[in-house]
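Two complexes, one shared chain (chain A), two partners (chain B, chain C).
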Partner chain A sequence: MSILMLSIGFGLVTASVLAIAGVGLSLQFGVTNFVNFAYGDYATLGAYIALVANEHGLNIYVSMLIAGIVVAIFSALVNRLVFKRFIDKRVKLVILLVVTIGVSLVIEYALQSIFGAQFQSYTITSPTPMQIGPFLLTTGQIAIIGIAVLCMVGVHLMLSRTRVGKAMRAMSDNPALAEASGIDTLRITDLTWLVVGFLAGIAGVVLAMNTSTFTPLLGSFFLMLLFAVVILGGIGKPYGAMLGALVIGVVTEVAGAYINAAYQDAIAFLIMILLLLLRPQGLFSSRGRA
Partner chain B sequence: MLAAGACVILASAFAATPALAAGSNTITIGVFGDFTGSESFLGPDLTKGVATAVAAINAAGGVDGKKLTYVTADDAGDPVDAIPALREMLSVDHPAFVVGPFSDIETAMIPIIKESTVPIIVQGGSTQLDKITAPYFWRTNTSDDQEGSADAFWAIHQHWLRAAFAYTTAAGAATLMDPTRAAYEAHGGKVVITENLVPDQSSYRSQILQIMAAKPQVVFFQQDPQTAGTFFSEVAQLGFDNKTQWLGTDVEYSSDVFKALGPTIATTNLQFTNNSLESSPASRYFSVWYNKVNHTTMPALAAPQGYDAVVVAALAMEAAHSTQGSVFNRYMIKVANPPGRAVYSFAQGKALLAKGIKINYSGVSSTVDFNKYHNVVGPFGVYKFTANGNMVQIGQISSIANAKFFTPGTVH
Partner chain C sequence: MLYLASLLPLAAIYGILVIGLNVQCGVTGILNFTYITFVAIGAYVTGVLTMGAPANAQTYILGAHLPFLVALVIGGLAAAALGAVVSFTVLRRLRSDYLAIVTIGAGQIVYTIIGNETGVFNGWNGIFGIPVPVSMSLSPIMQQLAFGGITILILAAVFFAAQRIQYSPLGRVLRAIRDDEGVTEAYGRDTFRMKLLAFLIGCFVAGIGGGLLGEYATAYAPSAFLPGETFILWAALLIGGVANNWGALLGALIVPIGFAEVTRFLPDFGNPTLIESLRGVAIGLLIILAPAFLPKGLIRERLAKDRAQSRVTAPTEEETSHA
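So, the complex of A and B:
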């Protein structure tokens, strides 16, 4: 088996995990126009909610769904109870960013207080490796890719075929015009946070499945790579995040196979910088959003 | 702004570790390690060993009639947080001595260690502490150059002459690579591939492929439990090669690693070296008390070393009839090193000291004989996991054999 093709196959798995999370982060930024540093911890929260469900005998995929729903509600509540209060007061962006860092710390330490710092893992059947063309993937990894495809199709249908999705796109392009056009921006923002939270929860479970063991720091380790995905794809552009995830996921795995693995993440960011030098707006163009 | 501050304060409240109040009839021990951060298992693991020693010592009547208690402080795995945390512990809790920190912090703590007037019994293996001259510095964990030599010794004597390295880039693992390589290659081994793993990544599959493609007979590794869980589950997915042996270190000698690996993976071709004396009477005594306190016989990482640290310091206080660091510090070597009647627990040592008999404490993690730099030396055991998560010893490397194997010049 070619190491290159095997690495590309592994890259597709990594890309799938990144895509689910990256699309959520990009969607949230596109509508709300601020970066949520707690996003990685939303994913971690999802992983732990699924752990509780799994430990009560539920299948991991059912647990994943529950995690997505719970984190969706949590995400919307945090926006209403915390972020919105600062946004309404028109505070400086840096203050809002610090607030998201505070929320991140609260979630992380709350999880540590409840579950402890020890490693957790799900009760799932040991995955069987399968040869699929030039790739060697386990049933679990194939499931991860499938879940990512489902999520991407779902996001695409929502954005292109539903009124809510079109309203999200309108808000992402020009919030003032969207509001002036009669879009209920408050309701759309709430729905965006629900969708974003759902994706974060799913991403957390998928990430925990991929790493086999996890701690309360699961999502925070992943956050920098997510930012690379979102920025590479074009900030606020979910379709760009999908493509960014594919590029970053495959590049990091292939780089790890041929170059010193310690530089894997550095190479991902180097690729991001080089592509941005060629195309500063990202792979998908983004008009006028910082 | 207020809400933002409240968020941060609330987060800090969750992170605070409980402190046990010290009265005039108690002696406070400081436990200093990672309770948060990427290595947040280290602090709780070390505390288990300290708690075991405290329980055993208090059951034997305490030190000079006083009970032991302990407080914890979090270094968060970051020197920026560690230095103020240690200073706060020393100035607020006034511990008689401190157990910790670990490799990720200890080199940054060298200035504080040198200026300390409270014994600090470090638990990491950084080679930069091999020849530190600080009167209040002690270490009950072996240096990485000894650990590396032991790994190389075992591999060479098993005729595994073709090796791969799969260490993480964490500070503790990074200082282990050079002495392992030096000792291994000096005795006929060849390192065919080196993969430096960034800890806590979501995938190591590509690196695993490279390692397997090089067809090593043995893979030397040191990985934290989180990384090991991900790494070895992927090794299993890619087809665990029964011809390849995987040789880990003291970091893997832990219930955390067994839990992370799961019984199926943990019982395949995985072996670990650790400085411990399984056959010592001290180990049997430790196991009984460890089970009483922690409800398991499988020790957590650094628990044996932490236990020995407390027992030695307690015996030194008993011998000195003082809990002042400036007084009992010089008794540390007197109770731990030969000559003297061998003792394997605090209770035994206390009884003999009461009769005016010179003792030589031999511990769980080693014979706890300090050299002139206050470091301990081996021996090392080689272990495998059993299906129920216990460790079974499959080999022993004596201090003398390891010392002959050690290649000078690898100490930084």
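So, the complex of A and C:
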């Protein structure tokens, strides 16, 4: 078993976690046209909701589904109660960004005041490593990859086969034109926040499963990796985010295995900064939005 | 009494830090979400330059016994030097959300390197034993008051310089860049150079404030410059008043000092981090509510027309410069 193959295997798992959350972040940016700095904390919220469900004896996958649904509703509510008010007042983008940071702090520290800062973990049946092709993965890790595939297929079908998905893509391309064409942008925005919150909630639980222990800071570190993913794929482009997740997931795990695991995230940020300098429209995208 | 005296230097230091942030973000509109990283560089460099050769099982570079003011200035310059490196990404004409992401990413890289490379600034343990630039023969209260006096003098210098910059022709261009960069450029201003200047000045001030903060705490470690610290300063700026140095001072008194003051006297209850956590929730709420209910902060920006009204007899800066 070579270190390279092992780390590529872990890279695929990391990529799966990043893809679920990255697609959500990118979709939301595309439709609403601002970055939500609280997104990582939506994932943390999902991880803690699943923790509560899990501690009440529910299976981790059922808990994950509950977390997804609760965070979906939470995400739509935050948009209606906070972000929408500022957008309606046409505040500057800078102010909106700072407000999302405020939401991030509130979620993070509210979780910390309820659960404390100590490490938490789920009760999952002990992992059994399995040999699959050249990779060595636990059942939990295989499940994470499976969930990611399900989410990607789901998002793809929604964007390509449903009217709502088509409307989301229209709003992402040109919000004014979308509205003029009779799209109920308010409803589509609400639906987007629901979908995005659901993905964030699921991502938070699989992230917590993958790291095995977590604290209220889980999402804020994760968010920076997500930015690398989303920028790599071209911000606002869900399909780009899937590819970006694959690149960042595999590159950070492989680099971590050969250089120093402590520098995994730093490498992702470096890739992101270089990319923004050289190709701000994203690696896989033809035209920029920056 | 000692506690009250110890608040004096802290208040002055936070005043310096918020004014530096104001030059970058309030006046020029550069979205720096990793301001605390520049504070940290100032604290580390000033620290090692006054601590002498590494001892007490610490490892760090640059160990020297420089006079405190020299070390402080070098700390500020070091922060500005890092600012120059970061500026190549930060000052590009990217959308402000990209800039915010890049600054946080750059901050995380610096944080990871300083934490993991134990040879640079003693890694995650941080440096400790930074000497306070006042005589040790004084009583603890007098030490705090003396250091408070030094910090207030430096705050006064920083405040005066910031006022001069803000209400000079340079300040006018900086505010114009914030309000509409395209138009400013169309009027023939080299906006990149102006933004670079404002950014470097802000980083220098951050470094000075950081150097003083390290001396105040006598230690500095990576846990002191987590991203959350930057937003405490942002909250102070938003509450006090964006693009107004008096507002920045007021914000520094209300948010970091006021909160530390109020929460220190709360009885301990619940889990050990509860009070700290609730403080975090409150700062988050402040950041959300301030732009909603106090969009201009407690002391709002002085616009050209206000100054024109307050000096009806004398010609205003604007009129003289157009003549």
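Note that the second predicted complex is superposed on the first by the 274 of 290 C-alpha atoms of A that agree within 3 Å, B and C clash if a C-alpha of one lies under 4 Å from a C-alpha of the other, contacts with A are read in each partner's own complex, and residues count from 1 in each chain.
Here is the rule we use: a contact is a pair of C-beta atoms (placed from the backbone, for glycine too) under 8 Å apart; a residue touches a chain by one contact, two chains touch by 3 or more.
Quick caveat: nothing in here was measured; it's all calculated off a predicted structure.
S.K.: Assess the superposed three-chain arrangement around chain A: do chain B and chain C clash, or do they fit?
M.R.: With chain A as the common anchor, chain B and chain C collide in the superposed model.
S.K.: State whether A:Asn260 touches chain B only (first), chain C only (second), both chains, or neither.
M.R.: both
S.K.: Touch test for A:Pro129: chain B only (first), chain C only (second), both, or neither?
M.R.: Only chain B is touched by A:Pro129; chain C is not.
S.K.: For A:Ile231, decide between first (touching chain B), second (touching chain C), both and neither.
M.R.: second
S.K.: Once the structures are superposed on A, label A:Asn59 by its partner contacts, choosing first (chain B), second (chain C), both or neither.
M.R.: It touches nothing on chain B or chain C.
S.K.: After the superposition on A, what does A:Met272 contact: first (chain B), second (chain C), both or neither?
M.R.: A:Met272 contacts chain C only, not chain B.
S.K.: Just to be sure I read the superposition right, which of the two partners does A:Ala117 touch: chain B = first, chain C = second, or both, or neither?
M.R.: Both: A:Ala117 reaches chain B and chain C.
S.K.: After superposition on the shared chain, which partner residues are touched by A:Thr162: those of chain B (first), chain C (second), both, or neither?
M.R.: A:Thr162 sits against neither chain B nor chain C.
S.K.: Looking at the overlay, what does A:Val106 touch: chain B (first), chain C (second), both, or neither?
M.R.: both
S.K.: If we overlay the two complexes on their shared chain A, which of chain B and chain C does A:Ser181 touch? Say first, second, both or neither.
M.R.: So A:Ser181 meets neither chain B nor chain C here.
S.K.: Of the listed stretches 23-31, 95-103, 275-283 or 311-319, mark the one in chain C with C-alpha atoms clashing against chain B.
M.R.: 275-283
S.K.: Once the two structures are superposed, pull the chain A residues common to the chain B and chain C interfaces.
M.R.: Comparing the two interfaces on chain A, one with chain B and one with chain C, the shared residues are 82, 85-86, 91, 95, 98-99, 102-103, 105-106, 108-110, 112-113, 116-117, 260, 262, 265.
S.K.: In the complex, go through chain A and note every residue touching chain C.
M.R.: Residues 34-35, 37, 82, 85-86, 91, 93-95, 97-99, 101-110, 112-113, 116-117, 220, 224, 227-228, 231, 235, 260, 262-263, 265-266, 269-270, 272-273, 276-277, 280, 289-290.
S.K.: Could you pull out which chain B residues touch chain A in their complex?
M.R.: 1, 3-4, 6-8, 10-12, 14-15, 35-38, 40-41, 44, 169, 195-198, 200-207, 209-210, 213, 225-226, 229-230, 233-234, 236-239, 256, 259-260, 262, 264
S.K.: Hey, which residues of chain A end up touching chain B in the complex?
M.R.: 3, 6-7, 10, 13-14, 17, 82, 85-86, 91, 95, 98-99, 102-103, 105-106, 108-110, 112-113, 116-119, 121, 126-127, 129, 136, 138, 207, 210-215, 217, 221-222, 253-257, 260-262, 264-265
S.K.: So in the complex, which bits of chain C are touching chain A?
M.R.: Of all residues in chain C, those touching chain A are 29, 31, 33, 88-89, 92, 94-98, 100-102, 104-106, 108-109, 112-113, 115-116, 227-228, 231, 234, 238, 270-274, 276-281, 283-288, 291-292, 295.
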